[in-house]
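Could you have a look at this structure, given as structure tokens, before my questions?
To keep things simple, chains are lettered A, B, C, D, E, F, G, H, I, J, K and L as they appear, and every chain counts its residues starting from 1.
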Amino acid sequence: MKIAIINGPNLNLLGRREPHIYGHTTLGQIESGLSEVAKELDVELECSQHNGEGELISAIHALTDSADGIVINAGAYTHTSLAIRDALVGVNLPYVELHLTNIYAREEHRRRSMLAEDALAVVCGFGAYGYELALRGLVSTLRNRG
Amino acid sequence: MKIAIINGPNLNLLGRREPHIYGHTTLGQIESGLSEVAKELDVELECSQHNGEGELISAIHALTDSADGIVINAGAYTHTSLAIRDALVGVNLPYVELHLTNIYAREEHRRRSMLAEDALAVVCGFGAYGYELALRGLVSTLRNRG
Amino acid sequence: MKIAIINGPNLNLLGRREPHIYGHTTLGQIESGLSEVAKELDVELECSQHNGEGELISAIHALTDSADGIVINAGAYTHTSLAIRDALVGVNLPYVELHLTNIYAREEHRRRSMLAEDALAVVCGFGAYGYELALRGLVSTLRNRG
Amino acid sequence: MKIAIINGPNLNLLGRREPHIYGHTTLGQIESGLSEVAKELDVELECSQHNGEGELISAIHALTDSADGIVINAGAYTHTSLAIRDALVGVNLPYVELHLTNIYAREEHRRRSMLAEDALAVVCGFGAYGYELALRGLVSTLRNRG
Amino acid sequence: MKIAIINGPNLNLLGRREPHIYGHTTLGQIESGLSEVAKELDVELECSQHNGEGELISAIHALTDSADGIVINAGAYTHTSLAIRDALVGVNLPYVELHLTNIYAREEHRRRSMLAEDALAVVCGFGAYGYELALRGLVSTLRNRG
Amino acid sequence: MKIAIINGPNLNLLGRREPHIYGHTTLGQIESGLSEVAKELDVELECSQHNGEGELISAIHALTDSADGIVINAGAYTHTSLAIRDALVGVNLPYVELHLTNIYAREEHRRRSMLAEDALAVVCGFGAYGYELALRGLVSTLRNRG
Amino acid sequence: MKIAIINGPNLNLLGRREPHIYGHTTLGQIESGLSEVAKELDVELECSQHNGEGELISAIHALTDSADGIVINAGAYTHTSLAIRDALVGVNLPYVELHLTNIYAREEHRRRSMLAEDALAVVCGFGAYGYELALRGLVSTLRNRG
Amino acid sequence: MKIAIINGPNLNLLGRREPHIYGHTTLGQIESGLSEVAKELDVELECSQHNGEGELISAIHALTDSADGIVINAGAYTHTSLAIRDALVGVNLPYVELHLTNIYAREEHRRRSMLAEDALAVVCGFGAYGYELALRGLVSTLRNRG
Amino acid sequence: MKIAIINGPNLNLLGRREPHIYGHTTLGQIESGLSEVAKELDVELECSQHNGEGELISAIHALTDSADGIVINAGAYTHTSLAIRDALVGVNLPYVELHLTNIYAREEHRRRSMLAEDALAVVCGFGAYGYELALRGLVSTLRNRG
Amino acid sequence: MKIAIINGPNLNLLGRREPHIYGHTTLGQIESGLSEVAKELDVELECSQHNGEGELISAIHALTDSADGIVINAGAYTHTSLAIRDALVGVNLPYVELHLTNIYAREEHRRRSMLAEDALAVVCGFGAYGYELALRGLVSTLRNRG
Amino acid sequence: MKIAIINGPNLNLLGRREPHIYGHTTLGQIESGLSEVAKELDVELECSQHNGEGELISAIHALTDSADGIVINAGAYTHTSLAIRDALVGVNLPYVELHLTNIYAREEHRRRSMLAEDALAVVCGFGAYGYELALRGLVSTLRNRG
Amino acid sequence: MKIAIINGPNLNLLGRREPHIYGHTTLGQIESGLSEVAKELDVELECSQHNGEGELISAIHALTDSADGIVINAGAYTHTSLAIRDALVGVNLPYVELHLTNIYAREEHRRRSMLAEDALAVVCGFGAYGYELALRGLVSTLRNRG
């Protein structure tokens, strides 16, 4: 089983960008930590990060016949991009929407998600630890289905 | 460390109520499974379920000096009850909002949560397994803070 | 065949509460009248009234394996309670929404019903006589289905 | 006592139009059935159907000194016609608004009625049987007033 | 110079329909009074009344090469009919929108006019006398332009 | 009988301000013309113009026991001033709302009037001639009442 | 195969009505041109135009067992008539919604279509030529289905 | 004269719950202070607090023939409960709506009151002292009426 | 301690303006009564009334170094004036918003206050007696702070 | 004459992505078919597809002096991208907006187009065949203008 | 060339009013600084400040034949006054809208400007220095036009 | 001190794109002019332009440790891109939002800015000259802070 971890715009700044909101862990540290969990769960991981909407779409397309599920933190595109949702639905892979912060406790424009309606599940507010929970939840659900 | 698992209206029907939406696991089975996880995490659990808004409020009040955090699935009150939010904030305990289904993939009136704004985190869409993820996330966050 | 007649908050005041709006018939008199109709229709009746939302939910749950349909006048909860609708849908029984007054001729906040979307039918504006019409309509529909 | 049964646009298609929604009974069959009920109730009936808004208005005007009440299923005009409401109020006759389906369980634009605010009562969701209930309710109310 | 006076749905009821709102003057009396004013102003009048939207449209079309301006009281169609506005604009004749009552002092749905945006002028609230004012205003404006 | 003609902010610019919209007639010329009509109608006139909201309110108060009705063109305050409406209602005098232009054919924010709801009548779109129509309509209505 | 071309209110004015918007081609010329295309496509055409909503509904009903598809330009009723949509759905024939102008480039109230939701397809902005495109598209789709 | 002081959900936490918002005075201290004022005013007091909506409704019903007026702080139900308003109107007793904080200076969802429309008066923002002002205002008003 | 009592537009009409709504007490009588209360409370009063928004602003500015708090009934400006709120905040004095009537029981446009968000407290619905309550509440709060 | 056919995000998936909605024809097959039509019409074609918004903008810029018109299916960017509209207007080329599906019969967020307001025309709902209709319509319009 | 600098309500408090928001510079200091810039630019300045809406309107009228452009900081009237906009448009002078703070970073009701739609330009957020920028921008634009 | 000048989509067309709106100056000319101003102000400039959202984000990230402030004209992304705002806030640099035109005088969808809420200041409507004003304002503010 192979799971893609996809991160969107500005997440390359993690650890430096507004640490009082997003914490001090860098994206590299998160990805390293997820590798450990992936080993425990016996799944293959593929991690990527893109600032461009079109690049994210192409990255999702590239998973068509190679991945079994996606954990996606689309950053600010979560709230504006119908095209990323179309890409996720187009490749027909179950995905978990993930946010570091509790988006419902933030500004109004961060409370509406364009992706959530077709997601398998949503996890937000646990900081970097949320990636692990999303990965565990996705793998567990896929194995129960299989 | 003691965690309260609080379930709201109609969740006593779990396993029988609309199983195509909510699954076949009963609330009793969920609570049993959580006991196992609690042991692994070395935390004490206290589970309860109430159909009444006032009873839920009183149950939350009763946790004031005895619990360290709450996992709450407030059912339909999630979308209408400001009083439960006041109770949660009033006892000053961190709480995770939990839903069996992905509420953002359902009817419009299930997409707005009255509780989310003050929650620590939100987990939805993983079915019964979500309780375990919410519990793990809450305990992990509390231990990192302590 | 058994039909439950469920009345919600403030309907115990019937006959005394704002009689220029709700009429002078008491709830007891309405229930007595319905007994006569039930005999004519050869159905069993079970009548109850509750002021609490949680109590109404529990009363609906209790009908799970004993009733064939429900006539419900949920009073003001009609306009605010998603939890009662969940209970009605959860026990999987057809129900008729009933109002003494024509709610569409009243204040704005009484024109939106949280229950109507999943109801079998709606009757309003006939005063106490509406209960009889709702009962006849429900029984007729159930017999045509059976 | 004389009651007018007025049907609006597309109801002449009844029995053939979208039978999964509106049923297989034709308008002629409904009117025949109502004649039986009218005899039992000892009232005179006058039935008509029109596709045009102006024709419905003129038909309502024609009842001015001849009818005592109206059961009206204005079809789609229910949701758009202020002029039919003006006609109904203009002839100063009590009327019951009737719909075959539960309009609150359908598309958004069928949930708002232009006629309901001045109606005596509303009945919807009982299919063809609803006409009988509306007729009984209207006659009962008129006799209690008289 | 020839002016058309066009009245819409339910205005044939004038004098009998809700006289506390619309007064006791009949449409015939209004038209007679306007004839006197027309003589004084030396203009030709053509009066008509229709309950149907399509008939009003056709009546407006018929004025294409024969009238110089229109005073129109479109009744309830004022608030719902884009097609009548298209007809008025289509024949390219200046028109005055007229209402017996002050529509801004009435129900919300009578405050929006579909016709006003392309009208020359609007007069409302003067009862039957408003027709005379509208006629005088229209003739005066046309003569100042000519 | 005495009628007050009250003009609001910027109407002192009439004849110079945006003449393609408001015409070339000055306020002085309008007031002179109205004097002629007043003589014909045998009523006394009192004309004033103020740019300040508070001054308009005080001017309206001053009419309490001296005028029988008001023709008011409140200019832009029409769309924003609840206080002027309170003043008009407070002195308990019937008033006609007057606009030079057809306000419904202009920008959105000029289509809502704060004054119309309590006005006797509204006249707009006839340019300077509208003052005469408003005056005739007001006097005629007052004499029919008296 | 037989296709109905149905035109709504004011389209009889085509060629004369606001030619800067709708062009100089008359409806007769359009229908003649379509006859040529119909011959090329080997389909039978039936063209009609009505100003009344009720007449359009009746005309649609009359196609029940005789036509295979409809090209409809419902004019201003496009934006207001739920009853015409009910008629189109009631006769169960695929239809293409057609507009001479690009309705999305016009006033706000012309951008919402009541018919589009159940239409097979929509064509707008090509002027008179759009009828030919709509006819070709409808015939092609029907033949691919058959 | 007898006045009921009714407190709603979470007010039993007063003094401990968010003291930076609600202050350090407990509900018991407030009720004691009110007893002193009641003596001064020579009125009888009856104080109660409930977390449940249904219990509050029943408590209000119980006042039917025993109290002359109500001071109610319905807590969060203020913003959501139509049923409590129905109960207050149903027992036909004048009531003052009271809030510790200035609810208009808080979150959006605390600015709308379901109870205010039928209240005699509203007092908010004076903290615990507001109960005394509400009581004085209610008694004064009742005595001026009597 | 010095308190300013500021009244806005139309309040000079008090006692004569719509007495069924605002009562028969004049502003002079209210101010006299308040003098008595001020003596009892040992505070200095300064009362003023202005119809103009700018004059009210200047009056508020003049209090900068002379008053300790303000009771303000801004009349209709309450609902429209951001500038008065800026003045109140600009002089940095705590103020109580006061209304004679329960503004929440009146027309929609009187339910929104521009001033409330920065007010210390709000009192409405007690008629003239409300001024006394507002004064007592303000003085009590200021003394508890001092 | 040269026409550009521009396709946006996810259209490279055509034939594989949700074929029950978008059909089984691939983008390559559509472009081949259009070549045939282009030959018949004697126009030059230039086809491209991009997933990125910025790439689409640059592709549009590149047409500045080389193309005469554009057929654009901007996919999900249709509903969110003001920047693409600016690019289309910036190069001053007439364009036809094209959709495979009837976007008005789909989810709410697919019904609003950011591009339509400045488009020459819109075609939607004919599947792959729509490209041919859009091309024919665009060429016909350009030749009639030329 | 002569430029008017017009300041609205509460700006006379500048330097004392909420200095954490508006800074410590007084209006007199700003006007002195602008004199220096005016000399450098070789333009004449005329500065004024008014708290009243009517006074601001009259001040604008007085510029009719004497000024070439206006820099206006209308304070809170920016967000509510259509009458000031009418005055500015009425005297037909180009104006720059100026704010000390970035109004888009403040409360919702300070984000909408009634004046901006007809302004030449808008500058906000630079504090007192913004007046200089606005003056430079206005003069530069006027000289490029001349 | 180093300032970045960042331009977004379609601004490479400047001078050719809709010159009646955006003027005839090219982006190259603007950047040359700014170099002169930068010399005068003794600051270093770095200018760039990108059509892609992701490329703009990456360009902003690249400024992290090299620039002191940003002048950004994000073109149409101003109104839709939350991700660019996140990038600007993420690198923690003060920025001025700049527009050539007065965006408040244009279409509704150009009046809302996603960037303004976190900007230091906003300048719009001065055409190409606005860049100079924005630069001067930014440098002045930074130097006053330092």
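Following the convention adopted for this analysis, a contact is a pair of C-beta atoms (placed from the backbone, for glycine too) under 8 Å apart; a residue touches a chain by one contact, two chains touch by 3 or more.
The structure displayed is predicted, hence computed values, not measured ones.
Chemist: Which pair, A-J or C-D, has more C-beta contacts?
Modeler: C-D
Chemist: Work out which of A-B, A-J or G-J repeats the contact pattern of A-L, with more than half of the residue-numbered contact pairs in common.
Modeler: Match found for A-L within A-B, A-J or G-J: A-J.
Chemist: Taking each chain's centre as its mean C-alpha position, how far apart are chain B and chain J in Å?
Modeler: Chain centroid spacing, chain B to chain J, equals 48 Å.
Chemist: Using Cα averages as centroids, what's the distance between chain A and chain E in whole Å?
Modeler: Result: the chain centres lie 63 Å from each other.
Chemist: Using CA atom averages as chain centres, what separation in Å is found between chain E and chain G?
Modeler: 31
Chemist: Chain C: which residues touch two or more other chains?
Modeler: 52-55, 80
Chemist: So in the complex, the part of chain B that touches chain H is made up of which residues?
Modeler: Checking each residue of chain B against chain H gives 52-55, 57-58, 61, 64, 80-83, 85-87, 89-92, 114.
Chemist: With touch defined as at the start, can you tell me which chain C residues reach chain D in the complex?
Modeler: Going by the criterion above, the answer is residues 96, 102, 104-105, 113, 116-127, 129-130, 133, 136-137, 140-141.
Chemist: With touch defined as at the start, can you tell me which chain I residues reach chain F in the complex?
Modeler: Answer in residue numbers: 8-10, 12-13, 16-18, 50-55, 75-77, 79-80, 109-110.
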